[in-house]
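The next block holds one structure in the form of structure tokens; read it before the comments.
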Amino acid sequence: MSTADIFAILRGLPWTVALTLGAFLAGAILGIPLVAARQSRILPLRLAAMVFIQIVRGIPPILWLFIIFFGLGMSVFPISPFNAALAGLGLIAAANMAEIYRGALASIHFGQWEASSALNLGRWSTLTDVVAPQAFRVALPSAASYLIGLMKETAVASTIGVSELAFQGNQLSQLTFRGLEVFALVGMFYILLSLPVAWLSRVADGYLQAKVAR
Amino acid sequence: MDGAVLHMRGGKPTMTEDDALAAKGAPSEKGQARKPLIKLDKLSKHYGNHTVLDGIDLEVMPGEVLAIIGPSGSGKSTLLRCINYLEPPDGGHVTIGDISLNAAAPAGRSELSTLRRSVGMVFQSFNLFPHMTVLRNVSLAQERVLGRSRKNADDRSMQLLSRVGLADKAEQFPGRCSGGQQQRIAIARALALDPDVMLFDEPTSALDPELGLEVLAVMRELAETGMTMIVVTHEMSFAENVSDTVMIMADGKIIEKGPSQDVMRNPQQERTKRFLRAVHDR
Amino acid sequence: MDGAVLHMRGGKPTMTEDDALAAKGAPSEKGQARKPLIKLDKLSKHYGNHTVLDGIDLEVMPGEVLAIIGPSGSGKSTLLRCINYLEPPDGGHVTIGDISLNAAAPAGRSELSTLRRSVGMVFQSFNLFPHMTVLRNVSLAQERVLGRSRKNADDRSMQLLSRVGLADKAEQFPGRCSGGQQQRIAIARALALDPDVMLFDEPTSALDPELGLEVLAVMRELAETGMTMIVVTHEMSFAENVSDTVMIMADGKIIEKGPSQDVMRNPQQERTKRFLRAVHDR
Amino acid sequence: DCTPKHTFATIEEGTLTVAVTTYVPHSYLDDAGNMKGIDGDIAAEFAKRECLKVKAVAVDPAAAIQYVLSGQADIATGDWYRTAERAKVMNLSAPLYTDQMAIYSKDGFANVGDLEGKQVGTVQGYLWVTDLKTMLGSKLKLYPNSVNMQQDLFAGRIDVAVDGYSTGVVAEKSGALKDVKVKVAASDDRVRATKEAAQAAFPYSFNAKEFGVALDAQIEAMHADGTIVNVLKSYGLDGTAAETGAPRLVQ
Amino acid sequence: MLPNYEELSAWLPDLLSGLSISLQVTALSLLIGIPFGLLLALGVLAKSRLTKALALFLVEVGRGAPALVLLQFIYFGLPTSGLTLGSFTAAVIALAWNTGAYTSEIIRASLQSIPHGQREAAVAIGLNRLDALRYVLLPQGLRVALPALLAFSILIFQGTSLCFTIALPELVSRAYEIGSNTFRYFPALLAAGVLYASISIPAALLVSHVEKRAGSYAQR
């Protein structure tokens, strides 16, 4: 394994990072209205959200990328492979984040909602001041785990032409006829990327836990 | 007790002149001409086919302190929660000051908001916001509901915290405060909105005797400033000595109601006698 | 009270002959020759540099009922939890019957298990297992700890549940039972292991007066069968009338201890007087 | 300065868009993102002769075909064989070169008969896969690419491997095959691919008629002027593969 | 874009046999991986420094490394150390490790969400640690962990597509094979996607039903 090989693989790094962060961000934001719909009192809306979440999660990511890139890209508006991957993975992340949020919301004691109503805080304030900060703490470990999972999921983007880490690894492996060493190196990069996320979430979790604990 | 009614409301005259006048009279002499601050008509509430509140009629005068006692499951908490529409009732009317809500019609946002603004509630389990400091707990609703500036809200909060003896805990998180302290923070938080009425749900039963005493002292003081209060409690001394009126509930109905001393010392109903005996036997 | 000690233990004679003999004497006359069932020597416990238990010496005779009272944070719960090693103490000795544990040395698995088998505990917050029926709650430990067959365990559980008046709730989930019922289930669960001692941590303070009375009745009955009991409580009538001995704690120390009537009516220490005043003022 | 010999439209004007699969030595991108490999060099030469710039995207085989089908690329590279089945879905250009079936083994096997009773591996997508499956049944393992298969050959999980001859030659030259020998499979009735070598082509869209005419014409020209032989030689092959014979579709 | 009827009937046998392999790998990976996750969760919560460090290592590598890399490592890497595994076994080991690492975090969070009093009560009635876990903590934790475990099981199910790199012909690889023969990649993948969905959506509905049932005791 030469430094040249390492640099070859490193070229994929920015794409992996950009795709992961972009899709996670999109998912984290879109997950909010989605979970709101999922918990809505309006039955059709709730059902629609549920069906949407199940279908998005039920179909493998590679198919979503094909549908978005080749389906939409051909008939509706041209879209670059990167943007198609971002859209597809963002969609899947939204469905999964909505479920993570749902779990976190369920863990908030109903007394908190009641106290907010009794204090006449509006819905918005109840959500942003009272519920979201507490749900955030509960969702953190799952969300961090999911972020790490998503990072590896971005490898599917290479099928439609985004030259991220896995693509570079695959390319190098084919060109040099070496499998294991190359993939070990690629794996190292993924682990190195995941460690700060894992560490940050553990530290933040510990800190937030200590703050509210006795 | 006279004239002090407005003191609690930070100078905001939310009551009609009638009410203010009425508050000057002794709360327990119910004059015909005086208008009650709270009026419930045939209030009822069901869960499935279980009737929890069964046509409750109730009037509370401005400045009156009403104690509600009764066995577990009799609907005391549900009654409090229906008064501020935390739990919308199924039938009847709730009137507080100028706002009147009919349970049959869905309540509008703005009416609900006006109603809740005039009602402060203190929960048995405190329900403080664990992720905010004590000060932010008290200031939050002032900023969001009354639109006060952060500085004004914090000033008022500090004033209230000092009043309940907790100025030094302002920057602490609620989780690190003792039960008695948490309950007093909850009182300060409810007072911060300058409500016309305060509802208390078993404010001391989770506390040890000394802590309970602290909270009772704060409530007694509050009663003395003329605050209208409805208190669900098992503290017999509070019912007997602080409240003006005592009401006994069982199975979703009011079974007895009257001036505190009368009801506590000389109950008329068999069920009341039985309950009070249990209380005294402990 | 005589002779009834063994009645509780389902015929399993776990006590030494001395103990059994001793139990026949009135528990409050401490004879020199009798051996205490529980003995704590210089028991201490710290959290960080906060001393919660500060060298507690205590002896409890077989059949004795000891009430512990004291302000919040004085270490009452911690003391109970150190007795059955839920919280391992930092210093001193715990002796129960034939087992003696030294806090300085780590406790062995089997010693701990024997210790906990002879001590039943009833928590303030019940801590029933919500996912099991009432019957399973009571049977579980009999099967897993005593190795009884399911049928034997269930038979014994039904017997205990009948005793606390809850035979009809056997197949219910605990979450659907009222507070007083839950507390009685917790008592049945602790009794199911035929313990030598029962520890109660504020068994009635979360209950309404009528439910509290139910639980107190069960405890009184238990005391009458000769069960050795340590009860943390704020129920003055229990301390005065049911318990043999009352012990007042403050700041991790025993500040006063003696026959119930003496301590309750005629306390010697200033701190005790202050605390009892608070209790009576409520 | 440059005048194209034919008039035709491409997806992006003045540019040849190519969906490149990674398949050494036929098709890959180099570090600078330039299209390389046998197919790549031929496609680049075509672009040069028709005054087109080249835009190459590296993609998965599934996506490469979809790229062309959905009109996001003009052609796909990667040793695509001309088969009747594929011709139902896309146009296939004039043959570029033939690719022979080769047997990789330590023992230097060259006959299909030698495969019997052994654990055999091959790579997905080749013409011989179906025939070998019928012949070997569960003794045949299918891999997504040559590298994975070669690793299993070294690990001893398979005794013999079947792959394209050109791939084997290049891998052998790079030293990746160690003591494994690559032999062209001798003709055998049971595996049709041994009797007539497959012709590699560029798939392009049914809609691009004029484009196809130009492509075919240029490929023929490259055969005639020896360009293709030179390309093959530059990748270490002997150049005989350039003699494709008449275009045909394998059934 | 859509596969027609003849195509579907021609492809279906192949796709179904791929689906059956995917299902087998998934089922075994979950069966081994989830208990392994529990073990790792207990390891991370353990007091012993060594146990904790080892568990943390297995968790962070297991969830940080792509399943593909674990797969390659176990399948191609271990033979150099003399251990040669079949592709099915290798796939199950790799995915079970992956599963264990993820689920350990889910399980840890769910165990920590159980009120402390439950553990104390279990100890106080004399249950040993294993019994406390088995009868008291796990049944309650499961209710909390179920949605997250399901989400993860779906990921593993779809992730079995990676197994093709080690010559395990699962569902996606079958679709690719069909695609490469016919150039009908997209329709073949679509058919495979529908097969995936036809397993994971009913599974999700089933789990949410179980979730409600398991939580019935919590409703008054």
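Read from first to last, the chains carry the letters A, B, C, D and E; within each, the first residue is number 1.
One rule holds in what follows: a contact is a pair of C-beta atoms (placed from the backbone, for glycine too) under 8 Å apart; a residue touches a chain by one contact, two chains touch by 3 or more.
Everything numeric in this text was worked out from a predicted model, so none of it was measured.
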Exercise. Touching chain A and chain E alike: which chains?
Worked result: D
Problem set entry | Least hop count linking chain A to chain B through chains in contact | 1
Exercise. Using each chain's Cα centroid, which is most distant from the centroid of chain C?
Worked result: D
Problem set entry | Chain whose Cα centroid lies at the greatest distance from that of chain B | D
Problem set entry | Computed distance of Cα centres, chain E from chain B, in Å | 52
Exercise. If you average the CA atoms of chain B and of chain D, how far apart do the two points sit, in angstrom?
Worked result: 83
Exercise. Rounded to the nearest whole Å, what is the centre-to-centre distance of chain D and chain E, using the mean of the C-alpha atoms as each centre?
Worked result: 38
For this session: Could you list the positions in chain A whose residues touch two or more of the other chains?
Result: 66, 70, 179-180
For this session: At least two other chains touched by the same residue of chain D: list those residues.
Result: 62-63, 66, 69, 148, 151
Seminar exercise, completed: Checked against the stated definition, the touching pairs are A-B, A-D, A-E, B-C, C-E, D-E
For this session: Note which residues of chain A are touching chain B in the complex, please.
Result: 109, 111-112, 114-115, 117-122, 125, 129-130, 133-134, 137, 211-214
Problem set entry | Complex contact set, residues of chain A against chain E | 54-55, 57-63, 66, 70-71, 96, 99-100, 102-103, 107, 141-142, 145, 148-149, 152, 155, 166, 179-180, 183-184, 186-187, 190-191, 193-195, 198
Exercise. Chain E touches which residues of chain C in the complex?
Worked result: 81, 84, 86, 109, 113, 116-117, 119-121, 123, 125, 127-132, 140-141, 144-145, 173, 175-176, 189-190, 192-193
For this session: Name, in rising order, each residue of chain D that touches chain E in their complex.
Result: 61-63, 65-66, 69, 83, 85-86, 88-90, 121, 124-125, 129, 141-144, 148-149, 151-152, 155-157, 203
Exercise. Which residues, counting only chain E, touch chain D once they are in their complex?
Worked result: 76, 79, 84, 87, 164-167, 169, 173, 176-177, 179-186, 189
